[in-house]
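Below is one structure, written out as C-alpha cells; the observations come after it.
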Amino acid sequence: MMRRKIAGQVSLEDLARICPIISRRGHPEFEECRQLEVEVAGVRFGAGVPVVIAGPCAVESEQQTMDLARSVRAAGADMLRGGAYKPRTSPHDFQGLGLDGLKILRAASDETGLPLVTEVMDVRLVGLVAEYADMLQIGSRNMQNYPLLVEAGRSGKPVLLKRGMAASLCEWLGAAEYIANEGNLKIVLCERGIKTHAASEYSRYLLDLNVIQAAHEETFLPIIVDPSHATGVAAAVESAGRAAIEFGSDGLIIEVSNYGVEAGVPRPLCDADQAISPATLRRIVAFIRNREGTSEAAAAATIAGVSGPNR
Amino acid sequence: MMRRKIAGQVSLEDLARICPIISRRGHPEFEECRQLEVEVAGVRFGAGVPVVIAGPCAVESEQQTMDLARSVRAAGADMLRGGAYKPRTSPHDFQGLGLDGLKILRAASDETGLPLVTEVMDVRLVGLVAEYADMLQIGSRNMQNYPLLVEAGRSGKPVLLKRGMAASLCEWLGAAEYIANEGNLKIVLCERGIKTHAASEYSRYLLDLNVIQAAHEETFLPIIVDPSHATGVAAAVESAGRAAIEFGSDGLIIEVSNYGVEAGVPRPLCDADQAISPATLRRIVAFIRNREGTSEAAAAATIAGVSGPNR
Amino acid sequence: MMRRKIAGQVSLEDLARICPIISRRGHPEFEECRQLEVEVAGVRFGAGVPVVIAGPCAVESEQQTMDLARSVRAAGADMLRGGAYKPRTSPHDFQGLGLDGLKILRAASDETGLPLVTEVMDVRLVGLVAEYADMLQIGSRNMQNYPLLVEAGRSGKPVLLKRGMAASLCEWLGAAEYIANEGNLKIVLCERGIKTHAASEYSRYLLDLNVIQAAHEETFLPIIVDPSHATGVAAAVESAGRAAIEFGSDGLIIEVSNYGVEAGVPRPLCDADQAISPATLRRIVAFIRNREGTSEAAAAATIAGVSGPNR
Amino acid sequence: MMRRKIAGQVSLEDLARICPIISRRGHPEFEECRQLEVEVAGVRFGAGVPVVIAGPCAVESEQQTMDLARSVRAAGADMLRGGAYKPRTSPHDFQGLGLDGLKILRAASDETGLPLVTEVMDVRLVGLVAEYADMLQIGSRNMQNYPLLVEAGRSGKPVLLKRGMAASLCEWLGAAEYIANEGNLKIVLCERGIKTHAASEYSRYLLDLNVIQAAHEETFLPIIVDPSHATGVAAAVESAGRAAIEFGSDGLIIEVSNYGVEAGVPRPLCDADQAISPATLRRIVAFIRNREGTSEAAAAATIAGVSGPNR
C-alpha cells in the first residue's frame, strides 16, 4: 500500500529553499556571526542590549499621546509605539485616527527623541506611513499579506514583522523573505502569542517563548516579544517581559496607559485590560539594565542564542 | 482578590455588536428565513442544492486551463475555480500568471459557461480582477486584510470569504461584516480547515465541520467547504466533500487535475498531492444529485441548518 | 552550527518500531487484507457494515436503562452502551452507580440481546467489569493509563479504545499496542473529537474525520466514531454520524435519551445537551442501511479505506 | 431560533462548584493568604523560595543514579527526581526498573539527603511507591486517572500533579480536587508544556507560563514548572527555567545527565535530548539564589502572584 502524501507540508529542513536570503541554512558564513544588527534612527536591535518599545495601543488624542510619550521616555523606553490605523475585529469598532494619528505620533516622536514604529495595514498607504514613521509594523493579521510585505520591503524602511497568530516558524520566515527579497534586510521579527486550546481560558494568546531560540538558530534577524498581546492581562505583562528576556529576546514592545494613574485620563478605547502603567514599565527597563551588567546574564544570553553540544 | 480581565476576548454573545448586519442575533425577522441566496451569474448559493466549484489550483497555461474547464463541466461542476495570483509561503515559489492568467480563466469561463471565482490578494487589483471574475475569492491568509475586504465589498461583486486558518467564528463573521458594511451582502463563507496539534501528522489542516451548523445558526450567509485544502490528501477529498454535504454545507470548492489521467499533462506546480481527477469529481457531483432526491436528505438538511429543541 | 534535537518526537515513520504488532508497516502480508474483523458477541466490527452502539451516557436507574435499551433496539442499534463508572471532572459530580449499574446494564443487554460495552477506569476492576460486559471501553482520559491497557489486554475481552483528547495517531496506536502485546487483538479504535483553539466556541471538541483514513492506512484495526462527545451538541450528532460514515468509519457510538420524548423521563445527569432522541437514532440507522445497498457507497468505502495512486 | 447548548463546557466561573476545597472562589478567608506551604521531608514549596528538583529521567543503574544524585546535590538542588516506572509511548520501549529502581532511588535519597519524588502510574502500586518515595508524582498521561488520584490522596503522601498535555486549568484543578477530597492537601501542581499546532516544529511541547499566575489566582496550591518536557531541547531548559521563575513559579523539576560530561557515562535511554548537565543546573540554582536577595525579585514575586488593580 502506498502511504499518503500531504500537499503543502514544510519543515525547518526546507528553509534553505523557502528563504535562502535570511536562513542560516546553506550559508556557512552566517554560522559565525551572532546575528544582524538592525538600526532604527539610532536604536539598534540585535546588538546585545534588549530594546524596549512602548506607547499606547492606539492614538486617541494629541494630549494622550504626548503625555504618554513623555511617560515612556521617562520610564526609560528606547522607542515609541502607537497605532494610527487599527485592525479591529468589527468594522464598527474604533478604526484609529488615520493621518491625524500619524501626525500626532510624529510630533510625539520628535519631541521625545524616541524613534517611532506604527502599523501599516493598507498597501496603498505604505508610502504615507513611511513618511511619518521610523519603522513600519506589519501586524499579525497581515503576516501573509504578501503585496503589503513587498511594498514594505521596497520602502527601504525598517520593518517589524509580527508573527501570525497561527503561523509556523517556516511560514513566518517565508513572510520575512518577501521583505528581504526586495533588498531590505532591516527586518525585526516579533513574537506575540499564538492561538491554542488553552488560550482564552486565562489569557488572550499563548506566549511562545520556545520560538525565540529556534528563530535565532534559523535566521540572523533579531526577534523581539510583545508581552501585551501575548497575555492580554496587564498583571502578566511584567513577568512575560522578563521571561522573554531570559529566553534571549532582543527586545520588547509593550502597551502602556496612564489610565488610573493620572487623574482625568480616559480608559483606552482598545485593549485597556492589557495596558501597564509607566511605573511598571520602569521596573521592566530596570530589570533589563541591571541584568546586562551581570556575568550570569551574559552567559545566559550566549546559551539562549546558540544551541548545540553545549548543555 | 480581583479576578483577571483579558483584553480582546469575544464570544458568540458579542455577535450582535460585532456584526449587526449579518448576524441573526438582534434580528428576529431573520429567524424565519432559512438563509440568504447569493447568486453568481446564474448559480445560486443557499438555494437548497449544494453548488460545486472545481478547477485547477493555479492557471499554468491556456491549454491546461481550457482542458480542465471542459473536464469539470463534463463532470457536472457548477462553477470554475483557478488562481491567477497565488499566495505562496516563499517569494521564490511560482506566484501565478497574473493578468495573463485572468484572461485565460475568463476565456475558459466563457467557453464552458461556468461562472468564474478567482482569488484577489492585492487591494490595488480588486478592480482588475473584478473585470474578469464573476466572484472574488478572499483567501485564508487575507481573511483579516481589512482594506481588501472593504474594496471587495465596494466592488459589488459576490465574494467568497475563506476562513483564516486559526480564525474563530466571531473573527470570521467580523471579517464578513467589513464586506457587508460596504452595502454588499453577496457573501459566501468557505471553511477550509484549521491549524491544530493533530494536523500535519496525517493531513494538511483539520476540517472543521462543526462550524457549518454554527455559522448557519449565527448568520443567514451561505457557507461552503474546501475539502482539498482541509485535507491536503487527494484520497481524502471525496470523503471530506460528502461529509461536508451531510453537515449541511451549501457547496464545495475542489481542486482538480488531469495529471496522471491524460497523457502529457504535467504535474501541477501547486498542491499536486491534493488534486483529484475529473472522474472522482463526477462521483462527488453524482452523490449530491442523488442525495437531493431523497426524503432523508431533505430531513437531514433541515436538521443540519436549524438547531433547537429538535433532537 | 548544530541544529536542535527534540526529545520524544515521533512520526508515522516510527510506527514499525512503536507498534510492530498492529502496524501495517513492515508487514507486507497485511497490505492485502482490508482490515481485521473484531467480533463482540455476534456483532462484527470491520466487516463492511458500520456497527451502531447506542444507549445512555450513564446508568441512572433500572427503569431508565431498560426503557432506553428497548428504545435503541427498536431504533435498530446493534449494541448497547452505558456508564456504570463515570470519569467526571469534579469528584463532587455524579460518579455512576458502580456495581449496581453493571448489573442493570447486564440485565438490559440480556433482555434486548444487544451486546454491552461499558467503561472501566480502575485497573482493579477490570475483572469485575469483564464479568458483566461484552466489551471493555477505555475512555479518552485513560488512553495512556498503561497498566489499565495491559489488564484490559489480559482480560481477553474485546476493547474499545477511545482516542485521548490530544493524542497523536502515533500515541494512540502505541496505546493499542499495549493491549495487543498481551495477545489480545480484539481492539476497536474510537475517534471522539480533539481539543483545538476552535473547540469551545461552538462545539465541545473538534471531530477529526481525517484520522479515520489515516488509521485505516496504518493499522488493520477497525475504527469507529463517537459523534456525541465530538460535537457536544445534540443537533449536530446526526450530521456528524453521517459524515463519519462517509469517511469510512466502521461504526458509531451514540448517546441517547428519552428526556423530552416520553413523559416523566428526567433530564440526564451527564451530558444531557448531547443526547439525541431514539427517533433521531432511527434516522441514522436508516441512513447506514440504505447506503449499504448502493454501489456508490461501496465505491466510496473502498476509496475511504485505501489511499494511493487512486484519485 | 434557539441557540445551541454545548455539553460539558466549564469555565473558571465554575471552579467554586468543581473544586470547592482547593479553589479560592467562595473562600474569602483564602484571599488573605498568599498560598499554602507544602512540606516534603523538610523542603517547603510555596514558602517564597523556589524549590529545585533534579535528577535522571529514568533510573538505569545504581551507579548512574548515585553519581547523578551526588552531582545534583553538589549543584544545589533541593530534591531528587527519577523514574522507576516509566510511561512510554510503546510497550516495547524501556519501562523502568520497577521495584529495583525504587530501592536505588531510596538509597540515593538517603545518601544525599535530598527528598525523593518519583512517578506512580499503577493504582495498585501506590502503597509500595509511598514506602520508598517522599512525594508521589502523577504524570501528565494520568492527570485524569481518577482512581489513581484517589489512592494518592489516601496515601497521605505529598503529591506532585502534572498537568495533562491538553488539560484546561479547570480540568487540572478538578483533578487536584480528587486528591484533596481524600483529606490530603499536600498537593503541588506542575506545568510541563501543552500540545499546540506550533509544538513539534521546534520544541516538544509549548511551555505555558501564563497558567502560573492564573493558578495562583484560583487556588492556594503551589505550582512548579518542568522546563525539560516543556521544551524537549537541552539548550532551552535553562532559559525556560529562568523564565518560569520570572513568572512566579514555586519551583522547577529538571532532568539532568552526566552523559558527555563524565567519561564512560552512557547516553540516557529516555529523553536524552532534553537532559542538561550538572553545570547548567548549577547556573539555574545560582540564578534563583541571587535573585532572591534582590528587592526587584521580591516586587516581581508579589506581582506575579497577585493580579488585580496593581498594574
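So that you can tell them apart, the chains are marked A, B, C and D in the order they are listed, and the count of residues begins at 1 in each.
Methods note: a contact is a pair of C-beta atoms (placed from the backbone, for glycine too) under 8 Å apart; a residue touches a chain by one contact, two chains touch by 3 or more.
Because the structure is a prediction, the values reported are computed rather than measured.
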| request: Could you tell me which chains make contact with subunit B and subunit D both? | output: A, C
| task | Provide the C-alpha centroid distance between subunit B and subunit C, rounded to the nearest whole angstrom. | result | 32
| Geometric centre distance via CA averages, subunit C-subunit A, whole Å | 45
| query | On subunit C, where are the residues touching two or more other chains? | reply | 4, 12, 166, 170, 194-197, 199-200, 202-203, 213-214, 233, 235-236, 306-309
| What topology does the chain touch graph have (line, ring, star, complete, other)? | complete
| said: Which stretch or stretches of subunit D touch subunit B in the complex? | reply: 1-4, 12, 24, 31, 166, 195-197, 199-200, 213-214, 217, 306-309
| subunit B-touching residues of subunit A, taken from the complex the two chains share | 4-10, 17-20, 87-92, 121-124, 141-142, 144-148, 150, 164-166, 170-171, 174, 177-178, 181, 194-195, 200, 202-204, 229, 232-233, 235-236, 271-274
| remark: Counting only contacts in the complex, subunit B reaches subunit C at residues 11-12, 166, 168-170, 194, 196-199, 201-203, 206-214, 231, 233-236, 238-240, 242-244, 246-248, 260, 275-277, 280, 283, 286-287, 290, 296, 299-300, 303-304, 306-311
